[in-house]
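Next up: some structures, all given as structure tokens.
Presented sequentially are two complexes of chain A, the first with chain B as partner and the second with chain C.
Showing the complex of A and B:
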């Protein structure tokens, strides 16, 4: 990899994009094989992979809008990374299309005979019906894509135009964008994952999914930056101080994730109403229990202690290792949310889980990298860039 | 000069601005003095590094207190509801750790916050009623336009004449001896 330090454009983007594309295409081809051999398993695996990568894209959108709204300076050097991550959202919209063909395999409530006999589901029919599901899913991606297109276009425009208007514009869009983001990401979580078990409901589910997605997005940003650092790119620009702040965000959202996860569990445990507790019972019996325990210790206790000290947050190597671990735990999280509906008696890992993850992930990374490398890797004209380059923690 | 019958607290040197104050702080640190402090109306970036200050131990103090609060409150909730006054509530086991989490969490945060606040005060040698530096007339401008360095008599390398010469040589505009009455 090579960089032109005058324009901050990558003159040689390296092989990452090509490798990701090949892995992605191979993964998708193998997944098609999975579709023909085990249709239901395919759709569940596909859903897990789809939600995993979409939530990273959403985390990127949140990071970018938060950066604009808070008028943040420290994160200016990371802005192009978070913008590239969010720019994958329209692509994820394409990946949502196969999902629409799997509604019958995934969602219990899409069967007419079930809806006819189940009194509770009958009452939920105005929300849980196929047409509205498709409209909502399309709606989410239209909203996310519009936000993404606008923010990315304006950001790139800033590279050639000196204007204060752009800053004012993206701030004006980010404020209502944030509200739209909260509503759409909450309902997307309800639609795609929570309605797998149509009787069960939890109002905090959307926030829980958001915290996990943002965690994954920060991990992804850390890994993108440290990958470039190893290749000798942006070594002087993205300093240890920026990693330190990313580490703090990562640590904070780990605690926030645990707070949400426990809040969800705690109220249901306290009230002890069978129609609510059954969801946790499904995950606390047989082999699913070990996965639940892995969530408590692997998604909270271990990374909490591992990232507690200042030294840990200031070590690029350690942060990268923990980012990989948190991305893995993020996948376990979504698997743990979705799969008990299919495999009631314990987790059964399938090769289709791997192939769909690689398939969507490969295309995701290829597209993200392509977006990243086709523009200057820093917002070179932003008046806040100098402040970000000089940023230190005190 | 020091009055008869009073002890010298140390010397107080005035500087013309942030730049001279920073470079003077660095030189004093390099000269090996330990008991000195810089006073400015606002925080100056890089002052901690210039003075060679170590990181405050407050983080570890708070961490330790938090851990003690966590374990202590966990024991208290356990002792109350299992040992001292066992009471079955909504058919749940006596040791229902889930119900203990909110109070344990809250107490952990509370004692940590106490340690952060009061530990900070103690580390800063506060509260106190007065400080010898307030005996100096020129020091009264420390909060609106004066830049000062005070060097205490308790420093092992302290020697009134030498220190005064030294401070003048590194750019002090005015050096005076402050007494501890």
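Showing the complex of A and C:
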């Protein structure tokens, strides 16, 4: 891998894209086999993988808009990474299409006979019906794609023109963009995951899903930066100081995720209303208990201690290890949210879980990397870049 | 703290090109000058109201909580409304002093001292209400786990007990944080003191501060650690307060978004109060060059943000109430919006969700009169938010028990009196302590940046 230090373009983007593409295509081919052998398992596995990668893309969108809105300078050197991550959202829109064919396999409420006999679900029909589900899913991706197209196009435009207008423009878009993001990501979480169990509800669910997704996106950004560092790219530009700040952000959102998860669990446990506790009982009174415990220790306690110290946040190697771990836990989280509907008695891992993750993930990484390498890897013309390059924690 | 390497243009934070000396002068002269007449007038009004508060509390102890407008479904009434309101106000202070510090938001230096002071006074006001609400305030120490010969312990499962821990911890930490921040400035006042008594008192409280290099090093480390400790408190305290409601099975109270929703609301209301107070203070004490419009504008942006978070929570509650299919849950919300308290609900929505929308416009968020009026509206709206949550309980599961809750003169008096106490404490603070963190403001001056030395000022 090589970089032209004048233009900050990668003259040789390396093999990563090719490897990811091959893994992706193989994964998808194997997943098609999965579809023919076990249709329901396929759709559940596919849903988990789809939500996992989409939530990373959404986290990238949030990171970029937050960066613009807060007028942040330290994160300028990371902007192209987060922009590439968010630019996968239109691609994820394509990956949503197979999902629409699996509505019957996934969502209990899409069965007419169930809706006819279940009084509670009948009351929810204005929301829980197939047509509206499809309209909403299409709507989310249209909104996300428009936001990412605009923000990415303007950002790239800045490389060739000097203009203050661009900065003002993307701030003007990011502000209402945040509102759209809040509404759409919440309802996407309700639609894709919460309605797997159509009786159950929780007002914090949308925020919970957002927090986990942002956590995964930070991990993904750390890994992208450290991968380049190992290849000798952007070593001087993305310094330990930036990793330290990413580490703080990772740590902060880890605690915030735990706060959301605890709020949800604790209030439901305490009030002990059967129609709410049933959801947690499904994840506790059987073999799912092991995954629930893994969530407490693996998604919070262990990474909390592992990222607590200053030294941990300033070690690129350690931060990368923890990012891998958190991404793994993110997958466990989504698996834990979705799968108990299918496997009621305990987790049953399937090869389709792996193939769909690799399939969508390979294409995701390939596309993300392609977007990243086809433009300068730093926003070279941004007036804030200098400050970001010189940034020091203290 | 002293960040030499951040390259903000500090001129946008402090205007009028002040020097270290002029900052000291303009802040220190407030407690050193003669007591202004306006202060005397304001103090006598608020101190009388505070006195009224204590008289009303005395009357309450004599008569019992029957003097309030409580009825059977509404067992908490205004006391809990006021408690949550005042605790919420405090949160902006901690957010500004701790979280904005950790986020390197250096514009906070203009308002942090003030906001921290406000936190402490608001928490004092807040603590009064649960204390008097227990009915037998003389045994309030029973809320603490003190070993006793009867072997009686507080009920650790009760969120009301967690409140006393959470708010108690919050008070202690906020107070320490505020005091540690004050030390260098108290030393400045001591060194400038012209009378012996001032010298002794400020000297006592500045703990022998000499401003040496080692002292600054320790001070900055302490400050950072206290900021780290206070940061989770911003979230935990109001989360615990929200569990007072959310752990119950009552429709409209039991919902999982309550903890973050309460925290966002608390920060929102607190910023509104900081705004109200700082607009008055910068005018009265001529601090317009330190509390600049830039600072005020950013506060308005935070209010816009947190106002929208509260709006998000309102709409989630409403949507999920419908989505749950639970008729009691649905009724609770329809009743809020269209029942006998619809007027309060729509005051809440208008003040908390609609009013902050004006801050989308740069002109309006830089307009002093507009932001002053908006901050007052937000304060009102946030009080009504708690009112709506507490009082719409008047229609619970049993229609036979339905009633309309109205406050008595005593309830109203307590609320007004708590404002009196708050402003009394605040005015005393303004009179005797440096209301702007001088040492921190100096840190954001251009001449504090070693990379710029030699360019000007020296």
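Here is the rule we use: the second predicted complex is superposed on the first by the 394 of 394 C-alpha atoms of A that agree within 3 Å, B and C clash if a C-alpha of one lies under 4 Å from a C-alpha of the other, contacts with A are read in each partner's own complex, and residues count from 1 in each chain.
Keep this in mind: contacts are C-beta pairs under 8 Å (C-beta built on N, C-alpha and C of every residue); 3 or more make two chains touch, one makes a residue touch a chain.
The structure presented is a predicted model; accordingly, all values stated were derived computationally and were not measured.
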item	value
Chain C versus chain B on the shared chain A, clash or fit after superposition	clash
Partner chain in contact with A:310 - chain B first, chain C second, else both or neither	first
Partner chain in contact with A:203 - chain B first, chain C second, else both or neither	second
First, second, both or neither for A:227, with chain B first and chain C second	neither
Chain A residues touched by each partner, larger count belonging to chain B or chain C	C
Touching partner for A:270 - first (chain B), second (chain C), both, neither	both
Segment of chain C that clashes with chain B, given the candidates 25-33, 79-87 or 205-213	205-213
Chain B/chain C common contact set on chain A	266, 270, 272, 392, 394
Chain A-touching residues of chain C, taken from the complex the two chains share	3, 5, 7, 232, 235, 239, 243, 246-249, 254-260, 308, 312-313, 316-317, 320, 323-326, 360
For the chain A and chain B complex, residues of the former touching the latter	262, 265-266, 269-270, 272, 308, 310, 392, 394
Chain C contact footprint on chain A (complex, rising order)	73, 120-121, 123-124, 127, 175, 179, 182, 186, 190, 199, 201-207, 255, 259-260, 263-264, 266-268, 270-273, 275, 387, 390-392, 394
Interface residues, chain B side, partner chain A - complex	45, 48, 55, 59, 63, 90-92, 98-99, 101-102
